[in-house]
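In the two complexes below, chain A is the common chain; its partner is chain B in one and chain C in the other.
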Partner chain A sequence: MSPPARRGRALGAPAQLARVALAALVAVVALGLPGCAAERGPAPIRLWHAYRGAEERALAALVATWSGPPVELLALPADAFAAKLQAAIPLGAGPDLYIDAHERLGDFRARGIVAPVGDALEEDAFGPEVLPAVEQDGVAYGVPLTLKSAALYVNDALVPTDPPDLESIAELRLPEGVYPLAYEAENAYFHAAVLHAFGGSFLAPAGEPGAPGATPGASDAFGFVGEAAERSLELVRSLVDRGVVPADADGALVTRLFAAGKAATAISGPWLANDLPPETPHYRVIPLPKVRAADGAPLRPMLTVEALMLAPAGAARPEVRAFARFVASTEGTAILRREARAVPARRDAEGLLEGETLRRAFDDPALAADALVSAFAAQARVAIPMPTSVAMRATWEPAARALKKVLRGDTAPAEALREAKQRFDDARPKAVPAARPEPLVAIVGVLCLAAAFWLVRRARRREFRAAVRRSLPAYAYVLHSVVVLGVLVFVPLFAGAAISLAVGRPGELTYVGGYNFVEILTARGGPLFASGSFYLVLLVTLAWTAVNLFFHLGIGLVLGLLLSRPTLRLKALYRVLLIIPWAVPSYVTALAWKGMFHRQFGAVSALLSAVNDLFGTDLESIAWFSRFSTAFAANCTTNIWLGFPFMMVVTLAGLTAIPKDVLEAAEVDGATRWQRLWRVTLPLLRPTVMPAAVLGAVWTFNMFNVVFLVSGGEPDGQTDILVSEAYRWAFTREAQYGFAAAYSVLIFLLLFAGTELPGLVRRWRARRRLAPAAEVSS
Partner chain B sequence: MKRRGRAVLESVGAHALILVFVGFALYPVLWVVALAFSGNDTPEARLLPVPVQPTLKHLVEVVGPSPSGSWLFGRQLLNSLVVSGATAAVGIGIAIPTAYALARFEFVGKKTGVRALLATQMFPAVASAVPLYMLLSALGLLNSRTGLVLCYASTAVPFAIFQLRAAFESIPVELEEAAMVDGATRFGAFLRVVLPAARPAIAVTGLFAFMSAYNEFILAATLLGSEDMFTLPVVLQRYVGEHSANWPAFAAGALVVSLPVMALFYVVQRHLVAGLTAGAVKG
Partner chain C sequence: MVAIRCKGVAKRFGSTVVLDGVSLEVPDGAFAVLVGPSGCGKSTLLRLLAGLERTDLGTICFGERDVGELAPRERDIAMVFQSYALYPHLTVRENLAFGLRLRKTPKPAIEARVREVSGMLGLEKLLDRMPRELSGGQRQRVAMGRAIARRAQLFLFDEPLSNLDASLRAAVRVEIRRLHLELRTTSVYVTHDQVEAMTLADVMFVLNKGRIEQSGAPLDIYDRPATRFVAGFLGSPAMNFLEARVATAEGAGGTGLALEVGAGASLPLEPGAFAGEVVKGAKVTVGVRPHDFEPVADPNIPALAARVVLCEALGGETYAHATVGEQPLVVRLGGSERLDPGARLRLRAPRIHLFDPARGRALARPT
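Right after this comes the complex of A and B.
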């Protein structure tokens, strides 16, 4: 066969393959088609929400009574809701209107994804405690729908008379093992009620503190400092220390305790009533009690107004505004109230049942829903609307960390609060002067010129052209993947890396040069190894990678060697069972492990008490996520569990590749088993295991899921690794994408250096060894 | 006799050690199973993952027809399977020729290309998520399974290329050369000799691509915009919300979601060792 003909064929054949791939792509596109709606009459109204369960059904029932243009409902996961709105609406792919909590309005308005509601808001329908929540600079940006705040759930049998104050709840005489009060004490949202009772707030009041007319939380400065904050922390700490309130309770635990009659009272929102199973003991709901320590002031919870918000495109359509008005009408909210026990935000929903009538109504199943709604409506009147400022979202993380530190007895309140303020101030976006882009342009220009010059010089060399010509058949095989990877992987990657040179939100980025990198590498002006600094997180990440890799390799090698024993029975069964951690979706098992590490109710605690019973030891169940060492160990256990099967299979694969005669030869030569293992088997395994170990190290270094889902960075962000830190900058600290991107670039550089350096050093050494020889020979 | 006793002891020790790890591997899974079938989860630390008051209500709640009467769960299961299957097909389809070229040809830019490919594995996805979203929107592929498949496939391709390249390298060149002497073209030899020989590796690589797509939920939740297009992890995520978490329902859903992928894993696992053996040559 002549070479040209061969090349022609070689080029033609991959083209055939490309056609097959294209056909596959077309098939995929065709699969996507049935989902596309055909053109039909009036444009549908698209409504997005994050409701589930009863609320979702109620909303569907409400929409079914609407007689206007068709409505398309879409339920989304709550965690992805805001991010999806922010991404979709500016691109015209979003809804006409959506339901979200009022406190996001400030943020949404800054991003331009919400518009004034205009005539969608019925006049005089909403009271003065509700309306300001949805107003921005005096203009309504949302139609109030329902109210959410915490109130007190009371177990009728355990607490027959309403406790007048928090202290009398603590003094209740209760059976063994029953908590007087259950609530998420470490959750800043619930702590707000205590803080408000002492006159504090998470955001400082505008104007002079204490001056008349100062609205709490009206400024953008951190307010969780000072006497009120300290006293609120001391009160809650004493409640936890005395066993009045369970330590590190989450929402699910509060539900379970109250449902099982193991908590006499519980502070929670209306959602608790929906989650309580039918076998829950009789209960009633009353407004939160007063606090003796705060001179008899009542606990005032945060008020969230769930509101209909109109996207700019939706607000321009009269039928969308009419639909919003319809949903928020008396009849509309009555459906939500009936079906989902939601508390309507409208004035005319208040005052249905009061006092003694209210209490008795809980006994009557027919009236129970009304009673619940009335109780929360009464509570809403003394609740404080959550501030809508963007700064509010930045308070949660520092406040929650301070709470955890104090409640776990690690730090004094004043110290924890000072740290929280420091953290808040650090994380707030600073005004950064825009840098001049000229240096960057100059550098990029020079680099481009140099690259072009180099390419031209190479291209003029005959050998190079010959090499390229020889490469043509190979290019036919790689062209398509270069195109696909170039567009879908490298372009977003470079764009992402470029964001690291800017600050601000996507869409309004300002070029600031190396500012982000300087800030990160100088630990934002603080001590280099302060909590949360780049260097400390890097150390944790390195330790994390090393520990995981060690155990992955160790367990993988041991199991691989054991399973390859020729005499072992049940080999196939063992292999299948041991691979299971690899086969189960990792987010499922990460969450399962988190549950197993729960202090009071996790299986690990059960295991410890079983060990105690068996051996008479005195191991105490601990709060796994309250200390760095144990939280880190919990993360590692989970990830080791997830990763060892891969290394085991890699080892098995490597072992089958080792020729038997090599081992037999060693045996004949009189090598002991240990010698055979260390001198023959392991060195021969190296080429298989090493690449897998390098890849495993890279994956572990960037293992976001486990850290995020299991410890969530607790305690105090100490177990965060670089990737989860980057994630926090992008999504929980006011979307500072520039910082997140800079972290990502640094991670990339570290990994790249880490994987490239050994090779470079080896080559350099080899060259040095060769160099003297070359001198001699010349 | 002494030798025999030692062998027995050794084998008992090996079984015991393996059983410890089997317990370690199975415990969390059984814990999820117990949670899914428990009728009443009392707040007590429990050692044995056995369902309390066994019930199927959570399973029915998750898998049963939705209030509107349509069987949404079935549709979403189909979505998951179709998206993951298409991801595996497209990803492998893109990776095979490239991996073959890397294994068999010398060409200008090969080293740079391989290094760039490895580098994509090091860059965290957090930073490129926003640009990727804008890109898909520009291509008109938002809210479509096609866009999702393209995203997943492009992330699965680099690993697939490494995996398959090693597999192709471990196949002796002589096999192709023999076929080419017999009159086959290079591509014909690739199709008829190399691909069949690499079948285990292709199966394993396809499984990895399938699993990565089947388990992903962040991109899916961001890109997909209607309920009948959701994949199962997105649905599952909704059971563990911000304010209220329905853990038993989540566990029941997790169980149903895990079953197909575990079944697939079981089918492919006998190839797993052979498929990864290929990696013996180099990564």
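Right after this comes the complex of A and C.
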């Protein structure tokens, strides 16, 4: 290339850049203009789902066979799925259709993010056990896709013939240490199967109870009461008491027991098949057995229908409805069945095995997957769809608590159920008349006026204006942190405070003034120290904070002092080891400790039995979470483990700041080691440790992770602290955000008072002490 | 009140030898000063006396009692630290009473003692202040008060004046001396400042590299330094050292010997002063304190010829920095004398010290 040419190019570069930029701008504008959309071809169909692994691949394979307009698939995390939908669809940025469990329909419909499916649903294709699940007031709001329910896993070697009923499982002759049946007995989801066998349900049926044709769970009233409920509880309690079913079982334990051949049968969903390791003894899956005690009625598990739901915008597009029909078609669901072992919701689903063929298929590795799907499909036919009402979500917590209380022998079934109903009714949102906003507006107005008046008065002062002008560059330096703090701290703070003055679900908040605060501070009309009242929870929180802080400080100080001894060897190693509890994320630690406190299989119980073996003692393993004292102790142990390293580090830092001379002076002055500690070291540590202690108190006061994950408020919410109680109002009691926000405002005020008042009092006292002196001097 | 006897005390930290067989005796009621350059081991020796460190070898006795294995609090001592080491969380009153309270002294007795000590040191108005509210001098006095209040049998001072400014230092020095005369408590005082050492000491120990170079009354040591190190360490400005060779003197009188300093300059050797020790042709180091030079006006008297480099006028006296040949020299002149750079100076030295140039030992003491 010749030099002039090169120069020419160099000169041309800016011009070229400008041309590219212009072209890009034009392209952006052109794409954005609706008039030009026609040139792009049909708009894509957006489908959101929360599938992972095999299910996600199966869905992609299914979509690949679609010949209509292009489909954009987006996989979202399951736990954030609903929140994303609620946020995106009203803004028009959401999907045209999405896949979710049918029990959310009630909520989604209330939020207006789901529309009737219209011709997307082939009504004849679905049975009467499935269709009601997606219907709201007789109108279908979803296209059923796949089904999920629990069924019975049977260990072939231990149980060669299908047990006819639950009682015969209990009577199985089994080797020592093998449970006849493993399932999560304390989990309300699994208990539903027993409850349904007795004709009960968690939500009361609409209309006359027991009237023919009444759909279970059609009303919003608590249904887990009465004879059916009591009998279901008594049955399960006797199973646990007789050792037929393990106590305190969670999903992981059920998996472990069945995989190890320590459970002859297990009640679980299709997910258990995925979790079982290859070395699991050979097993088959059959429908849940009948119950002799319930006059031979079968156990009927909860049915979840994974359905395609159409967003209002998507429902209006014929091609989206056609796509939904295609996905839910016989061919479509066949792909899901083949690729992801999903149980098809259609009646005419192909490849389902029955009877003796099904039984034999479990022995044939090539057919095992089909056999599994077929078994769950058979179970789904007798399962009962989970109610879609919003109230359903509020039944879980009271129902689970009642279950736990009864299974642990704390309370009789009738009493536990009465409490559960009371708890449900208590937590249901009450109809609250909207308050007049004028007083609030007036107060805020007066405050704003006062602030404006004060600002103007300051601004009129010449020196103030000069000072502001002088420090303008400094404001530029702090601006970004002010913005960040404002957005991340102050906006949520004020938004939370504002919500505390309202009731209702998000999007339909009603201003009610101080109603939430009055309700909380009057213990909702009950006795002031009733279970779950603000004052009782506050007491627990204070005790929790005090106990933790005491041990944090005590252990931290002792370890800090030990580690600072100059003669100690391997100091660096100990320091690292002792900081580990702090370095591990608190929820990991909390879950680990929860596992250790497990009544039967935890490390603490193993330790006790080891002690028993060694010394011939007879220490009983403790059901840690069945009594307040032990549950509280378990929480405290976990949090003390988490918190002492911080105090230890602070102590170490404080110790390095103590001059060696002062300690030597005390030594020469005649102080013993002990006297040096009490009279010199500890007083000198105070200025370092005190702020850390205040900080630690605030952290502990708000330590949600440990309380929520270790005891989960057990027993019966007694170990809940204020933050976990606030969480329950927001997330397990029908989203009563206003109530939860009021709790958090109260927590804020308490902590503010607790940490700031001592300082204010000290300053006020100091001023008062100085005042007479000033008078004398003047 | 107690006498101190140390015998063969040795201490090392790791491979560093800090004290190498130190023996010393301090009579009952005496004020002993350990002086030496930094790193000579004087502070370590004090800490050994206090019991804050343990000896590796050797014995330490207070009176008849071997205290080697005793903890500091069992030794009945009081110590004033360089940093004062006041208890920052206690008021002056509480600081003074701290040691007494540890010993469960009755309250009225403590109050009386605090009153007495604060009167002695002028601390009455500071009793309710916190240490951080005091000036350096005040803190120093509280530290001394704390030691005095205890009425220990031995006071230890670890460079207590080094954090004070010059004028205050002089005042407190006098104060310490006065208190000692009043209390007569056996005291051991560590310093690197030779003025403090000279003014305070009844007995002085000059330490160098973990050994005691010389001990005795301060003026004796000053007048008859046993080594070149001691001679150079004591006195301000420091003693001049000139390398010289013993030669036959030209001209009149004397021993017939002179010290040739080089470049033709020489000092006559007074008769009888170094009899027997100095022979012709030997190499020696000549030590002359700046104030021991005398200018010589008479050109017939043999004298040392020096060339002035510069003069420092301090008012009462003037120090002339000069050279003899290549060797530097400081000479004290009268307060009003001024010499320009380059001026010639003829000097006579009636009092000189001679040292063995190889080992630094003093050759013979001038009388």
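Criterion: the second predicted complex is superposed on the first by the 611 of 778 C-alpha atoms of A that agree within 3 Å, B and C clash if a C-alpha of one lies under 4 Å from a C-alpha of the other, contacts with A are read in each partner's own complex, and residues count from 1 in each chain.
The rule is simple: contacts are C-beta pairs under 8 Å (C-beta built on N, C-alpha and C of every residue); 3 or more make two chains touch, one makes a residue touch a chain.
If you're wondering where the values come from, they're calculated on a predicted model, not measured in any experiment.
Undergrad: Touching A:649 in the superposition: chain B (first), chain C (second), both, neither?
TA: Only chain B is touched by A:649; chain C is not.
Undergrad: Determine, under the contact definition given at the top, whether A:690 touches first (chain B), second (chain C), both, or neither.
TA: first
Undergrad: Report for A:662: first if it touches chain B alone, second if chain C alone, otherwise both or neither.
TA: Only chain C; A:662 stays clear of chain B.
Undergrad: Once chain A of both complexes is superposed, is A:522 in touch with chain B (first), chain C (second), both, or neither?
TA: After superposition on chain A, A:522 lies in contact with neither partner.
Undergrad: According to the stated criteria, A:330 is in contact with first (chain B), second (chain C), both, or neither; which is it?
TA: After superposition on chain A, A:330 lies in contact with neither partner.
Undergrad: Applying the document's definition of touching, compare chain B and chain C: which contacts more of chain A?
TA: Chain A has more residues touched by B than by the other partner.
Undergrad: Using the touch definition from the top, list the residues of chain A that touch chain C in their complex.
TA: That would be residues 659, 661-662, 664-672, 675, 679-680, 683-684, 686 of chain A.
Undergrad: Where on chain C does chain A make contact in their complex?
TA: That would be residues 50-52, 71-73, 77-79, 81-83, 85-89, 98-99, 102-103, 146, 150, 156 of chain C.
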